[in-house]
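Input: one structure, supplied below.
Labels run A, B, C and D following the written order; every chain starts at residue 1.
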C-alpha cells in the first residue's frame, strides 16, 4: 500500500476544510493556536514512516496523554486497576458527575477526566517523580529525546483547573484518590501539556499495533491480552461522547485530545496521527475525524 | 485452524459451569427453559460448519433479532435511519428513559429496546407484512426454511409488555413512532419470539463477516461501508451496559439475547453462535460471554 | 377587610398585563382561548363572595381537578394512599421519568401527572362511575349543579395523550396502576376537561380553608389532620417546578392548571380563585401568580 | 396556652424513644455525642420561655447556621442573592450534583450544602471577619454573649470536607464562588461548629416569628416581605429530601442540623427548638421531627 500517496491525496482534497471547527479556548495558551495547521503521519510495523503537511510541528497532546499513563499503570499493576476505574462508555458528558455519585466514586473508564485523574493518582503512587517517568516512557516509545512539558500551557491549565479540582475532591471523598489533590492536579496538568508532533505520536502508538511490544527495542510493555483490552477500551471510550460515532465512521481504536490531535492504529499493521486544531462540538478534531474516516475508506481496511 | 477441536475443548472444559447464572424469568414462557443446555456453532466464510453440544436445539433469539431488523431497514433506507436513532452507547440502564427525554425521543442506539422499537416501526412502514418479511430475510441468510415465531413466547411477551408500551408511547409523544402502538408491540414481541438454533444463527451472521454479501447466494444486502458501520455499532452497543466489558474481554462485534444466545463474528473470517440460558447480572449469557472470551484467546484472533 | 375593593384595585392596576404570557397550545381546544380574559373571585368562611372581571366565565380547570380527586381518595382510604404516591417536591420537570424509574414507579407527589394518574386509578377502584362521582363531589362543594365535562376538550386531550399513556404503562410495569390504561386515560382526560368559573372554584376550595368540613352542608370530608396535610402538599408541590417560588411570592397553599386558573386559600379565613389564560414558562398563569402575590401583600396576610 | 405543660407531656410520653435513630458519625467529634439527650425549648413573642429536659446543654448547630448566614446576606444585599442561588426544593439528594451541572452552578436553594456555600461566600465578601460577624449576629438574636465556635468540631469538619471542597470548586468553575476555596471551607466548617443550646436557639428564631424584627431590641433585620420569603424557603427546603414530609407532618417552617437540633416557628406567635442526636435516614433528628408533629397537634396550631 502506497501510504505516502494516500495521505497526500487526503491532505490535498481536504485543503478547503482547514480552519473549520473551533479551536479549544478554555485556556488562553491553547486559544491562540493557528487553526490552519494540518498534519498527518503514518508509521508502520515494517518500519515505514510517511508524513504530509504540519507533521513536524509540536502541539499540546492533552488527553492523548491518558493512553500513556494508563499503559504505564496497567503494565505495573495489571487488572488491579479495574477495581478503581471501569471500562464502560460514559453515555454522555452531562452524566459524568451523576454517574460518579451513583457509582460511588468509580469513574466509568480511564479516558474521561475523572478516570484519568485516578490513573495519574496511581502513577504518583508508583513513581517518586511521575512527570519524569512519563516523559521517559514516551521518549522510549517514539525514539525522540526531545519530548517535554510546555510549562506555559501547564501553568494555564492549572489556573483553569477548578472543574478537575472538584472531580478529584469528589472522588477523594469516596476514597478513590490516594494522594494530595493539589499535587495530583499539578501532575495531571503537566501530562496534558506535553508537546509532541504527529511523527512522534504515530511512532509512540506502534507498541499498541504491535500487541504490546515496543518495536524500537523489543521490550514488552503490555501482555497481548492487555494490549487487546486497551484497544477495546480506546474503541468504546476514546472519543468522549462521540466514541460510538468514531468507531462507526473510522472503525479504529484511537484517542483524541482537545489540542486537535488524534492517534489511531490498525492492530498488526500501522498507526496514524492527525493534527488539525479546529474541534467539532464533541471536542474532537473536526478535520482529524474526517481524515481518519477517509483513510480507512481509501485503504479499505479497518478492524471491522 | 481446527475449529472443531477448539470448540470441543472449550465445551469440555466448561462443563462444570453449565447451569450457572440465572435464566430469564420476566415471562413464564422463558422461565421454564432447562438451564443445563449449552451449544456452540462456528461457520466460516470458506464454507465450514462446526458444532458441539446443543447446537441443534432451537431457542428464543430475543434481542438478536434486532440485528436482522436493523440490517433490513438500513439496507432499504440507508443513512436516513440515523435521523431517528443514534449510535452511541447508552451509559447505563438506569439512564435509558432520562436520555430519551433529554434527547427528545431519539434513542441512543438501535440495540436498546427504545431504538429497536423505532427500527421495527420503520420496518412496518416498509412492508405490508413485516413479520413474514423478517422471517423470509432470516431464512435466506441461514438457508433454512424452518424458522418460525414461537407463538406461545410471543403471547407471553405481549402480556408483559407494559414497559415497552411506555417506551413506544413516550417516543410517539415526540413524533418518533409513526405506526399504531398496539400493532408495533405485536410485531416487536413476535420478532423477539423467533426460534433458531446455534447452527442457524452462526450461518445467518456470515453476511456480516462477509462485508454485507450473503455468501449463500451472493446477494449484497449492505454496502461494505454499511457492514463496517453495523459492526462498529454492535461492538459499542451490542451487550447493553456490558458492551465495553464484552469488547474488552472478547474483542469481537456481536449481539446477545436474554434467551441465552450470543452471536459474534470476525470480519473476513467466521461467525460463532453460543447458547447457554443462564444470564449474568447484565442480562447476557454468563457461559456465552466466557466461551467467546476463551474462543478468541484460543485462536489468538480478535479484531484488536 | 374590604375584599371587594382589594380585588377591584388589583384588577384595575393589572389591566395592562392582560394578554401577557402564552396560552396553552398542546391541544387545539385550549389554544383558541381568548388570552385577554381575567377574573378574580374571593369566598370567605363567613359567607362572603366577592368577584371582579371574568369571574363568571367557565374555563377548563385542568390540573386543579387533581385536588378534588385526591381529596376524594384521601377521604376514603386515608394514609394508605401514601404507599402508592409520595409527598416530596419533584425537583424539576426533567427528572420526572428518571425519578419514577429510580423510585420504582412511585411518583413523587399527587400533583405531578404521574401521581395524579395513580390517584385517578384508585378513584376508579372506588367508584363504578368515577366521572359522575367526581362531578357530584365538586357540585356539592360549590353548590352549583351546572358543573360538567367539556367533551370537546376531553376528546382533544385524549388525542394528545401519548405522554400520559407512557407514564401510565410505565407505572403499570411496576404494578402501581391497577386498572386498564385506556380507561384510565379516558377518565383522566375527562377530569382535566371539567368546566368551572372563578366563583365555582373559590367556593369549592372553602372546605380546605375550613379544615376539612364543607361549609355549605357541614359534612366533614377530611379530618383536620388530613386537611393540614393536603395544604402542606399543595404548598410544596402545587405549582410544578415553580412551587418553591409560588410559596416564596404568595405564601399560600394552592393549585394551578394550564387552563390559566389558580385557586389558593388562607386556612381559617378564605379562598381565592384567579383566571387568566396566559402562562409563564413554568406553565402557571402569569397574571394569576402576580395577582396572588399582590393579594397577600395588600391584605398583609399569608401563612408565613 | 400552657406551653410548659404541653412540652412536659410530650417529653414524658417520648421517654422511651430517646436514643432512637443514628447519631451523625461522618466526623469523630460528632460521633461521640451521647444519644440519650433530649431537650425542648419554646420562646413566645409575648416574652415567655419554656423548657424541659436537656434544653440548657450546648450542641453543634450544624446546618441551622445556614438560616443565620442567609438572613445576614439577605438583609444586606436583598433580592440580588437570588441571582446566585434558587428557591426550589432539590428533589432528592442523589440529584444535587447533576442539578448543579444542569443549572450551570446555581444551587437549587440556600439550605442544601452547595447553596449554603454560596451564601457563606457572599458573607465573606461583605465582612472582613465573617466568623466574628456571624457570632455577633447570633448573640444579639438570643441575648447571650456565650455563643462560640467549638474548635474541636471545626477542625474535625475541615478534615472531612472533601465533598464540600468538590462542591465549592465545581461552582467556582461556573464563576459562582468568588473567594478562595480553602478560606471558604474554613469559614463554612466554623459556622457549622457553632455551639448553642435549645434556649439560645428558640430565642434566636423569634425574629422570624416577629416578621423580621429582633424582639430583644426592636431592630429590623429583614423586611416583612423578606421574612415571609425566608419562611417559605424554610418550609419547602429546610429538611433536605424530607422537606415535603416535614411540612406534611408538622406544618411549620423550620430548619434542622445533623447535630440533632431542629428549630421551627409559628409566625406571629412563637418559636420552638428541639434537640435529640439520633437521626432518621434523611439526616433529621428522629425524635425532633416527632416532637414537632406532636407539638402542633397538641396546640392545634400550624400554618395550615
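In this text, a contact is a pair of C-beta atoms (placed from the backbone, for glycine too) under 8 Å apart; a residue touches a chain by one contact, two chains touch by 3 or more.
This is a predicted model, so every value here is computed, not measured.
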item: Touching both chain B and chain C (chains); value: none
item: Centroid-based (C-alpha) most distant chain relative to chain C; value: A
item: Whole-Å gap separating chain C and chain D, where each centre is the average of the chain's CA atoms; value: 32
item: Distance between the centres, which are taken as Cα means, of chain C and chain A, whole angstrom; value: 55
item: Between chain D and chain A, distance of the C-alpha-averaged centres to the nearest whole Å; value: 48
item: Multi-chain contact sites of chain D, meaning residues that touch two or more partners; value: 94-95, 102
item: Contact graph of the chains (line, ring, star, complete, other); value: ring
item: Touching residues (chain side chain D, partner chain A) in the complex; value: 94-95, 97-98, 100-102, 162-163, 165-170, 172-173, 181
item: Residue numbers on chain A that touch chain B, as the complex places them; value: 86-92, 94-95, 99, 102, 108-109, 224-225, 227-229, 231-233, 235-237, 241-245, 247-249, 251, 253, 267, 297, 300, 302-304
